[in-house]
Amino acid sequence: MSEPFEPKIVAFVCTYCTYAGADLAGTSRLKYPPNVRIVRLPCTGRISPMFILKAFQKGADGVLVSGCHPGDCHFDHGNYHARRRWTAFNALLQFTGVPEERVKFSWISAAEGIKFAELIDSITEEIRTAGPFEQYHKLIAETGSAASV
Amino acid sequence: MAKIGVFVCHCGENIAAKVDCTKLVAAMEGHPGVAIAHEYKYFCSEPGQESIKKAVAEYGLTGVIVAACSPRMHEATFRTACAEAGLNPYLCEIANIREQCSWVHNDGEQATRKAIEITRSLVEKVKRNNELQPIEVPVTRRALVIGGGIAGIQAALDIANAGGEVVLVEREASLGGHMAQLSETFPTLDCSQCIMTPRMVEAARHPKIRLLTYSEIEKVEGFIGNFNVTVRQKARFVDMNLCTGCGECMQKCPAKKISGEFDCGLANRTAIYTPFAQAVPNKPVIDSEHCIFFKNGKCKACQRVCPTDAINFEMEDELVELEIGAIVVATGFQVQNTALYGEYGYGRYPDVLTGLQFERLASASGPTGGKITRPSDGKEPETIVFIQCAGSRDPSKGIAYCSKICCMYTAKHAMLYRHKNHDGNSRIFYMDIRAAGKGYDEFTRRAIEEDGAGYVRGRVSKLWQENGKLMVRGADTLLGRPVEVAADMVVLATAMVPQPDSKELGKTLGIGYDEYGFFNEAHLKLRPVETATAGIFLAGACQSPKDIPDSVAQASACASKVLALFSRDKLEREPVIAQNNEATCSGCWGCVLACPYNAIEKKDLTDRSGNLIRRVASVNAGLCQGCGTCVTFCRSNSIDLAGFTEKQIFAEVMGL
Amino acid sequence: MSIQEQYRSRAKELLGEGSVKMVIGYGVGTTATRRRPIFITSPDETDRLVLDASCRTNLAGYLLREGLLADQKSIAVFLLPDGVRALNILAAESQLATAQIVVLGFEIKGEEVKPLEGTAAGDFSAIIAERKEQRKAQPSHEMAVKLEEMTPAERFAFWEKEFSRCIKCYACRAACPMCWCRRCVVDNNQPQWVNTSSHTLGNLEWNLVRAFHLAGRCVECGNCSEACPVNIPLHLLNGRMTDEVLTAFDHYPGADEQQEPVLASFRKDDPETFIL
Amino acid sequence: MTKILYSDDLTTCFSTWRKEGIMTFGPVQEAGNSGFREVQDEKELDMNLILTSRTLKELFFPRTEPMLSYSIGKQQIETSEFLPSEKPCIIFGARPCDAAGMAMDDELFNWDYRDEYWFRRRSRSVIMTIACSTSDDFCMCTSLGLGPDSAKGSDVLLRPLASGKGWLVEELTEKGDKALQSIASLLKEGTEEAAPTAEVPVLFDLEACTTWLADPENFESHFWKEISERCIGCGTCTYLCPTCHCFDIQDEGDTYEGIRRKNWDSCSFQLFTMHTSGHNPRNTQSARWRQRIMHKFNYFSLKFSVNSCTGCGRCTRECPVDMGVRETLQAISTLQK
């Protein structure tokens, strides 16, 4: 029997809100699935769409991008800029057929440990249901195989 | 060639109980570029840190990963240790395997696998870390204290007395805050105004304190040591320099039926007014919303009677620009909107009061001169029912927390009542009596034993009017039966809530707040007066419900933090700032627009004869705060962020 | 006088009186219907200029040739309305000063070429405003509609097939007036965010990144799709981005030369329906 | 008496080859773009194309191919090489210009080193070329000393019948002969006439051009700037050229493992000659265009006694700004006169 599918999820988060929220989930001893790997950035403004593509190249089945609620940005308006970029990039991903459940965006504050844990729970479940991101994995596999001729 | 040291902390059992640290060490030992991997019970301890230092020297490490608790916890600790061992502190990174791994997962095997991935991706990152040098910034030795209640006044006086300059901003027309409204204070029952007003005067007269009343914070820019603050001084319509505070205007003002805020609506005031008799500064303001002249263009009675011509209806709001080094936020609290409690009849029955209204009734300077009488008919109440936790500890009403002061002030109210009405009968419905504090339990005991406070453990379910009485039905859970009390007055110990606009202020200041709007401290236990934003501190009830001693203590703590900051000429700032590659920059200025701090300037590139070749972006290291918004905007990848460079993040992701 | 003659004599006049040092326009090409960009510097050569319905290439990109505008002298350029928008963006992004540019504006309706009034970039605001409204009302490209109706997996398969052909010649970049970075992100190998190999993964990354970098900047002139030697429908990607910035941020790329880049600005009430 | 392969027999022909384990390739058209790829049967082929938009070289020199994979251990790096299979291939329906290009690049890839990737594919493949009976405005094989029925680089030459029902078959090499043996029964004896070959006009005097190019005086000529002023520096002409062969080697991977790849590169790109220092010896687009022309018509022929242009015309046909070898050589040939 093959091992059950465990999604690989990469999260890009800002250090002031979502990272702190994830810490709070920890200090509150909340439990959530171990599928997410967090990459800490100073601000959502620092999160480039490239990061998402590289996470997929590394075999991620899902990506989470998260930061401070609008108005709460430690850097005043990094998240407002981020929101515009996400709007455009999200539209682009959807248009090119990256399913909606593969890339999630959220606002999680330093006080929302519960929201963090619940979100990781729900996206892990959603991606588990959707299964591995086969279409992308196929592209990755092709880079490692000899050309067809 | 990278020589990375990986130090896996057990954190006692906190990590080791879930993560197989030995397996993690073995995995890291096999990782390219890792010179050594060690595990230890507590790396944050003295011997733990020493062992890291020793390893740095012994193996000539070029980078250090400590796999332990959150970097928000001990990054500074371990970076300092590395620096002491001669390794640039920015070559040390923390892999968070506690808060984000061992504490949140049940399955040890999965947690271990995750810990390995977290750690190795940071090993990949740290291989690309660069040595960074701290940035020095000057410190403006002037503090801004927001809020002129007891906490703000205390902080201002402490700072000023130590020689620091202070700007004290209060949005009301007078200093004082809620403490000025109180009658007596627990547990000593000394008169609140007697201890408060001298401090108000002292603050106002202090040569180092600049007082800006009737003012609000408009804009805050900059960073620790170098804030630029804009304060809006609202138009008073009274020239402070000319006004002598004689009070003639208030006598003559025809708009007399304005519900007075200071007396919580129990007395009226005029349109030109001082909030209370002992106001500091004791000079009136015109409430343009109710002023007859402002409403229909005729009146000016005050202007006619003013002996010094101080009334100026043309006055406009003024914006005051301040250079500030540190900010103390002491904006206090409000009492909860009692409209939430329809079942308690507040607003419907005039004799159902809030605790704060009762303070005004009991106050010698209050509307009744300190006589406790019913607002409805002026009669002395024979029975008063006090309802505790009217709002607090009630998640169904949206407040889960304890307001902390209500148990004490309710006991105080019962005592004051008995002291003034010797035959008065008090019944107090309570959930628990929380009287932790010096002299507090003794105080409540005194209320019961000496002043006849009748405590009933239980909640009130219904309140109605019958035959001129307020009928209170509740449960006595100790006796296990319903109780009904016919009262003449009911006092609700309403919850302490943040100022209604605290979230907006939090945004202006760039500090965090919780779901209610109380400001967030940097660490509840270890950094309770700091915020996550360097240079901004919290005092008093704006952080959480507090009584006077706690507020004062925290205010003094703030002052000591501010003074510690002011004791230095220069501050060292994290060198996490943006850098631009001028060779590839095309000068589109998208970064300039995106930067929240105006930290990016346009720089001319010239040839040897000084001819302009082109213009490129240049980052002002003093202004840049390191958010990296510019980096993401830059299409050509010209701008990068030290500490979180493109190479580092790329490696970190590729290491996952 | 035919419109071609009008524009020839206008060009002759400009060069003759010395108000411009160069006219960038269209000349005859290898076959009867092909037009090629030409650069006229003498009033005697203006007869080489051609203006007809085959003149579709957006010439705005040539203005950024290194050193071309450095002497502060003016240049006249034949531009369709989308070309003027490109000019506006180049000015908004500080790549040139519109004061140096004389616009020889024209539009093509069906097979008919019509002159456009005005010489400075700002003179064309009315027609650009009109085009914004048209763009808002314009139905999406037929293929775009089909794509939106597909399942994500089908869409992915569609693009996988399209991108699999990409040979990474970067003709799309070279032909695009908005791709003026001194160093393209794909040419940055520290780190190599975009795989340079032309396997489908690398091609997907390249095309997504390019489309994203053009979000709010693409004027839909068609240069890229036209240049692509393997016929990838790049206009669909760019068009989708334009749809997005128009609907979400009411941003019509190149509306005027003061326009702030859509991704370097924000409104606090920007829509965010997709954020959890 | 000549051998004829009738179109009607093509199905059997392909199935016979495939049964023998031979991979079959041919020109196909997809999404408005055409090139060569493996086909299961002849129905996938587009036999009406004058010329595919992409060239035959992709079958021997793919635009990206893995050379080796590596994995990085604690102490050592392990590598394992990728090499193309030696499974036999038949390419049906190449054009003479493309086939000639392969012969030209044989020289190149066996000069300072022997390119195993190229030659493995070359030696396993049989190119069956169909002579052109039509041409378009851009074809210029005749100007380059080739023609619509040149045999250069082909293993079998097929001449279309005037009736349009098949081809006259001419084996040119041993490999070609072998490929035909397996379909010997399908090759009919006949006397049918071949269709006339396409008439491709000669557009310039090649010799005059090479003479002008060989003159060092002309290297710095203003001509280069004028002829290439509109060049936008895209790589289209090089990537669609049957003989352009430049490549770049790239490592793609992470800390643990990766793949070393061989990717097409182009002298049209500014980055092609960019030094680490930031200095670029070919810093203008005209210098790059000059390089391309000089390489094809001077440097290459100095070394291999042959020009590396087959006159397929793709550089002009596909150029977004209507440039190409044709315009340049026409202009030079005019200059020379």
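Chains here go by letter, A, B, C and D, matching the order in which they are written, and residues are numbered from 1 within each.
Going forward, a residue touches a chain if its C-beta (ideal position, glycine included) is under 8 Å from a C-beta of that chain, and two chains touch if they have at least 3 such contacts.
Given the structure is predicted, the values throughout are model-derived calculations rather than measurements.
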Which chains does chain B share as contact partners with chain D? A, C
C-D versus A-B: which has more C-beta pairs touching? A-B
With centres defined as CA means, the chain nearest the overall centre is A
Please compute the C-alpha centroid of chain A, do the same for chain C, then give the distance between them in whole Å. 33
What is the distance, in whole Å, between the centres of chain B and chain C, each centre taken as the mean of its C-alpha atoms? 51
Touching two or more other chains - residue numbers and ranges from chain A: 54, 58, 71, 77, 81, 85, 143
Show the residues in chain B shared as contacts by 2 or more other chains, in ascending order. 583, 594, 633, 650-651, 654
Where chain C touches two or more other chains at once, the residues are 192-193, 195, 197, 199, 202, 263-265
Which category does the touching pattern between chains fall into here: line, ring, star, complete, or other? complete
In the complex formed with chain D, which residues of chain A make contact? 58, 143-149
Where on chain A is chain C touching in the complex? 49-50, 53-54, 57, 70-71, 77, 80-81, 83-100, 104-107, 119, 135, 139-140, 142-143
Of all residues in chain C, those that touch chain D in their complex: 29-31, 34-39, 57, 61-62, 161-162, 165, 167-171, 173-175, 187, 192, 195-199, 202, 223, 226-227, 229-231
Parts of chain B lying in touch with chain A, wherever the complex brings them together: 70-72, 96, 98-101, 103-107, 110-111, 113-114, 117-118, 121, 503, 506-507, 510, 512, 514-515, 520, 532-533, 576, 594, 596-597, 625-629, 631-633, 641, 643-644, 649-650, 652-654, 656
In their shared complex, at which residues does chain D touch chain C? 30-33, 53-54, 63-64, 137-138, 229-230, 232-236, 238-240, 248, 250, 252, 261, 263-264, 266, 269, 271, 316, 318, 320-324, 326-327
